[in-house]
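Pasting in a structure now, in structure tokens, and then I'll have a few things to ask.
Think of it as A, B, C, D, E and F in the order they're written, each chain with its own count starting at 1.
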Amino acid sequence: MTTLRIDAIVQGLHAARNEWRASQSRPREPESREFPSPDAVGEAIDALRKALFPMRLGPPDLRQENEDYYVGHTLDAALHTLLCQARLELRYGGVPAVEVHERATELIRSFAEGLPDIRRLLDSDVLAAYEGDPAARSVDEVLLCYPGVLAMIHHRLAHSLYRLGLPLLGRIAAEQAHSRTGIDIHPGARIGGHFFIDHGTGVVIGETAVIGERVRIYQAVTLGARRFPKNADGTLAKGLKRHPTVEDDVVIYAGATVLGDVTLGQGASIGGNVWLTHDVPAGGSVTQASSVS
Amino acid sequence: MTTLRIDAIVQGLHAARNEWRASQSRPREPESREFPSPDAVGEAIDALRKALFPMRLGPPDLRQENEDYYVGHTLDAALHTLLCQARLELRYGGVPAVEVHERATELIRSFAEGLPDIRRLLDSDVLAAYEGDPAARSVDEVLLCYPGVLAMIHHRLAHSLYRLGLPLLGRIAAEQAHSRTGIDIHPGARIGGHFFIDHGTGVVIGETAVIGERVRIYQAVTLGARRFPKNADGTLAKGLKRHPTVEDDVVIYAGATVLGDVTLGQGASIGGNVWLTHDVPAGGSVTQASSVS
Amino acid sequence: MTTLRIDAIVQGLHAARNEWRASQSRPREPESREFPSPDAVGEAIDALRKALFPMRLGPPDLRQENEDYYVGHTLDAALHTLLCQARLELRYGGVPAVEVHERATELIRSFAEGLPDIRRLLDSDVLAAYEGDPAARSVDEVLLCYPGVLAMIHHRLAHSLYRLGLPLLGRIAAEQAHSRTGIDIHPGARIGGHFFIDHGTGVVIGETAVIGERVRIYQAVTLGARRFPKNADGTLAKGLKRHPTVEDDVVIYAGATVLGDVTLGQGASIGGNVWLTHDVPAGGSVTQASSVS
Amino acid sequence: MTTLRIDAIVQGLHAARNEWRASQSRPREPESREFPSPDAVGEAIDALRKALFPMRLGPPDLRQENEDYYVGHTLDAALHTLLCQARLELRYGGVPAVEVHERATELIRSFAEGLPDIRRLLDSDVLAAYEGDPAARSVDEVLLCYPGVLAMIHHRLAHSLYRLGLPLLGRIAAEQAHSRTGIDIHPGARIGGHFFIDHGTGVVIGETAVIGERVRIYQAVTLGARRFPKNADGTLAKGLKRHPTVEDDVVIYAGATVLGDVTLGQGASIGGNVWLTHDVPAGGSVTQASSVS
Amino acid sequence: MTTLRIDAIVQGLHAARNEWRASQSRPREPESREFPSPDAVGEAIDALRKALFPMRLGPPDLRQENEDYYVGHTLDAALHTLLCQARLELRYGGVPAVEVHERATELIRSFAEGLPDIRRLLDSDVLAAYEGDPAARSVDEVLLCYPGVLAMIHHRLAHSLYRLGLPLLGRIAAEQAHSRTGIDIHPGARIGGHFFIDHGTGVVIGETAVIGERVRIYQAVTLGARRFPKNADGTLAKGLKRHPTVEDDVVIYAGATVLGDVTLGQGASIGGNVWLTHDVPAGGSVTQASSVS
Amino acid sequence: MTTLRIDAIVQGLHAARNEWRASQSRPREPESREFPSPDAVGEAIDALRKALFPMRLGPPDLRQENEDYYVGHTLDAALHTLLCQARLELRYGGVPAVEVHERATELIRSFAEGLPDIRRLLDSDVLAAYEGDPAARSVDEVLLCYPGVLAMIHHRLAHSLYRLGLPLLGRIAAEQAHSRTGIDIHPGARIGGHFFIDHGTGVVIGETAVIGERVRIYQAVTLGARRFPKNADGTLAKGLKRHPTVEDDVVIYAGATVLGDVTLGQGASIGGNVWLTHDVPAGGSVTQASSVS
């Protein structure tokens, strides 16, 4: 099929790549892959999800008496995959080659040590969903079916990676959940126990959001940034606290938008579709001013 | 890699699981899997989708003269998978072991007998999409590409399972569509023919919603519950009608939120982004009171 | 398991298919598949994505010195798959059998020739995302993780197919991105360079929308149609310009809805949740009239 | 890894291929694949094996009441794969392009019509193995486990293809069995019913061998050619009868070698390791002249 | 492609199956699969091979510190697969349904308990190969590459199944090795430690053969039966000792054939291609009487 | 299923492994895999086979105009896989860690440079088969179907690895062919061009065999060692020339056994089943002394 002229297109794409690399001052011939692989991270997170809940999310023929073997073998493989990816991220982030292995090992060890506590937090999320949704028939239905729970499994793992200094791995894990659930939680967000997201599609929670215990939110809720302060040179200032703080026992109904570094006090209730850019006191309740006529 | 100390993490996770099981009064050593498998149910639903529309969603090299062989073999495998999963759900729901097989067989037989009518309903949904979207070029494009149609294939199967007493299987089938389309329809919702969801991301339709014939809704529409009545003991009351009733020929535009057991009368039109918690009479039209200036 | 009576269901489904085919005046025994296969198109688009960005989205063990081999082989396979599917679409669209092959080859050749420019446009989108999001750490994180970038890779390929006269292939490519990202861009939409969609879930961009350079939009933004003019016979008029025109440097914040063939002038800023059905002048700024109290 | 110099090797291999093509007077740019694909033929034969014995060699969860659906769907796919491959073989063999499709269809239709009789012959082979081996516990063990039976399933299909004028497809099917069993039967060999090969490794049966009913042979038996007559120009004469004829009820023990167009008369018995190049009368018995001392 | 007339072939095959079932007095509608599945048994044996030698035959990224997790999880899955298949064999063999589960569990438990001793025997075989072949560079090369070792792993597992009363499972495991190596050892054969088969293609060892310690055999050696005694009714007498006994330290060179219930005394040496049907005393040496001139 | 007592078996196998490791003086905790992986080597060899013959053994939809892209990409991946495995072999063989990478790169570079010549030799083997077998219809049938050709592709690659100092990789490649064809050629054997093995099952060619041009051999031919000289300490002497030298144009018929460091002179003919342990002069002919009566 000479008519497709593959050669010309290969050359055209080659030129386009070279333009990009020149514009980004990329080295000419890197030894090999420079970035973590989303596929590899994704597989490791999927495996960890099964290791955290072996009898419900693991292989269908698992038997409880032998679940530790399954957990141990699955952890071994998943953690070593993460270790490789962590090395790539550290290297990419400028850590000297000779230090990369040791630093990555330390980080993944800390990550691994946190897994039992992550499981406990996730159990509290499952309970919160069961108690908060009249359509939920059992805690097991919640774990097997609720997208909000899937998103939180990813988030609690992603946040742990983020806090340890592996934000790119965390981001990859988070986007995987975003794709499957429509729930977009930045791995930087700090979220307390017993957290429940119902339905979930369209939820956005920003990098510097802080959420307390027993908070409940519904689909399409945004905890976002209001504006992006710029540096003197006109570039965006990165790293500032620019998202809301949500205290314990707050409820935020569907479609509400809360922007900026505001605080929703303990037990506050934010109505559906509300657009909010200021603090709400503890116990306060906000609803749309102009209801529909 | 001794430094990852897998042993300690395996023990930590073991302890966390035991805490959970104790808190949930779980039996120590169940024989094996106690719950239906989302993967198994998902595969069966995927197969049924192909058996319902063999020439368009089935294997690319299928020939019409032999499609019954394909349909028969695919049904045989899919229905027996569902039968196994139905047994697990019944057992999980407390049906005595000796009755499980017969009850499950009865249910899946009824489910199977309903498939031709489900196909007819879905054909009417495809027509509704074709007629309702100026961008649609053909009924086949609609079936191959529209997420709203994919969501309805899952819903009509999931609803059939739900009505027969297999709500967990139905829920799994529904969440599969939710993940792929961003459309979240509870399997309990009752939806008439010629139903069309355009774009669809963010749509939520609750468990006790009832929708008539020829209804059309757009992305991010919520047919939700307003509040959750509680029982005397403070737990949520489950099973009450708490979602809207939408009569024939209603149109609900993007982003509208309709909450509670209200009724939208025949032919009503609900504008975009409207927030609605009361009845609308037949032929009525609701738009946002305060338009943007 | 005689009790499932597969035979009766096979016959019931056979009858339902015949009713549909009769109602649609379908030929009795088409030779074989009449439509493009979403799976085949999806695989080709996935391959093109890797060929466009070989070192970052291609196989993990690729080496830069040999990437042209990878690119050439991947293009060869992907373009020939598209060629087959293009033939099916042309045939389905009524092109005479004897002309199909030549026409399809011409179209796919043109499509292929456009790939280097598509790569350049996508590089500009990656830069726009990096510059527009304070949470972005590097251009590579953006390419690997941002759903908005994934959606634009699909869109720029899908739009090229659409413009060349292969709208069904374009639609399939677009829906694939919609399913993974919750971002629903019709392949007909014309979008300039340096385009950035943040978060993205719930974004809808209609078929006749036109978007300039350096535009930025956030999650749940709709650029939709206001109403659907009908023909004299009551059917929908297809093909009219019915979606917004967005000029250079416009920003549209989360949840805003812009409907109809209106124009947002250069540099305009549209606030979150705004509902807009009229023009906005260059430099103009629109926010919700009634803020929350 | 610049040091591997892939470019030079690609060029070197390119040159080597051009030398070969020049030496073989091959066309410069054939449209695409010129030969049948062993993988495709192999899959079709594997599928036919399952369609011939659905409950024993088909999918483990097949139910007898629905086996016709399985058989029909499997045949449909396998026969159409063979049809494609038959076209390639006919084309390769010089059949004019315009006739290829019709001729191939005719041949595969005839092949298909012969399948029930092939099944009956194979049933007779299974019985022969059961009756002839004291270690056989049941006819089903024979079908599931005996390499001689696997080889005969392939042979009877391959021979049917060979006789119809598709010798290359037959050869591919035969080599597949040879690889799995060590039994090398040329697809041209004519073999009667109730044929039993025990153990089988090393058996070779040549193209023009003819074998009667109820023959039994053991491992490492060769029914080969003695010498290859040459044509006047020194090339080998092809197509002559050059292998043995074995009449009904003959037994040939392990390691015996029978060469040339000789006849083993009805009921003859050929001892282990015998080297034989002349006829044996009906009922005759041949053993090694010089026994071991 | 109406011309292939699939319907007629489906019916023809249906008729052929019914003839067979009638001739075999098979029940009309068995509930489901009646026989063990070669695929399932094959996968279990492959898994056991890896569990026996985890660092060399298991997954490439296994680490020694965690190999017990791998071993435990792999055993758990493989043994339960075998348990299912054992139930099918027992049921097929006439064990009453109510006893099947308990009997199968007992047998597989015994099988499992024997695995450590099987590993020790296989270690001795590996040593024997290393010491017996001048081309062997290391014990690890032997384990990774030698077909004789692969055949013995299968045989020692298959023989254990055979002795416990699961001869069909044993046979399936044995044929799997036969297909891969050309070495055909009946699972009934009793073989001592330090056994070495070099090259191996064409080796046949019969059901009632008994082989001592430190025996060495080469390719194409047969330890077979001489004749098959028949019962009064003309059927073959099954179960008699009809194959050789080979005492410790015997060597049998390539192509030798030893038939019948004869004894090769300790330390005997049997030359290549020898045909032997009588005892050989301890220390005896047999070579071909008539050497080649 | 407590009754299988997995724990005890895991411990038993652990103990057995420790015994082995102690007996072999293995290090307690190696970092990871110590040996090349047969699966990895096998995949690389399979890929090289396709890269050597892209239009016939490569992907079915390859087009000649783009075959260099396929060849380049396939070589790149396969050679780097071999490079990794070569490092493991060198390390295993005692090469100091700091030298391993450079040495492996050098070896694989040399291996790669030899591929075009290997292709030319294999073309000569294909011609030899076509010219030597009256049943061969075309050179392409020979390449697609003949096990002898498959064995030679593996051998010529394996021998190249062997000569470069990677005998374990060579052995793995050779055993892969042995398993598929029953032809067992040690990677050390030196074999000239235009070599043809017909049928092939049971052929054994030893490590120090040397074979000239245009040699033809048939099934079950052994070119083996006669006896194994021992060192003073009783262990086998490794590395001596102990297999035959076969000069140009020799033919060896089926089942012949040639043992020891003997020479078959140019043009000699060795009859079927002959057992030969001495030289044969050029042009000589050997047949079995005692024919069958």
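Keep in mind that, in the parts below, a residue touches a chain if its C-beta (ideal position, glycine included) is under 8 Å from a C-beta of that chain, and two chains touch if they have at least 3 such contacts.
All of these numbers come straight from a predicted model, not from anything done at the bench.
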Labels of chains that are neighbours to subunit B and to subunit F: A, C, D, E
Same-interface partner of A-B, chosen from the options B-C, A-E or A-F, over half of the pairs matching: B-C
Label of the chain whose CA centroid is most distant from the centroid of subunit E: C
Subunit E and subunit F, separation of their C-alpha mean positions in angstrom: 26
Averaged-CA centre spacing for the pair subunit F and subunit C, given as whole angstrom: 52
Junction residues of subunit C - those touching two or more other chains: 1-2, 6, 10, 29, 31-32, 61-63, 65-66, 68-69, 71-72, 76, 80, 182, 201-202, 220, 255, 273, 288, 290
Subunit E - residues contacting subunit A, complex: 59, 61-63, 66, 68-74, 76-77, 80
Of subunit C, residues touching subunit A in the complex: 51-52, 54-56, 60-65, 67-68, 71-72, 75-76, 79-80, 83, 105, 108-109, 112-113, 115-117, 119-120, 123, 131-135, 137-141, 144-147, 180-182, 199-202, 219-220, 254-255, 272-273, 288, 290-293
Complex contact set, residues of subunit E against subunit D: 1, 3-10, 12-17, 19-20, 23-24, 28-40, 92, 167-168, 171-172, 175, 178-179, 182, 184, 186, 188, 201-202, 204, 206-207, 220, 222, 224-225, 228, 235-240, 242, 255, 257, 259, 273-276, 286, 288-290
List of subunit F residues in touch with subunit A within their complex: 1-2, 6, 10, 63, 65-66, 69
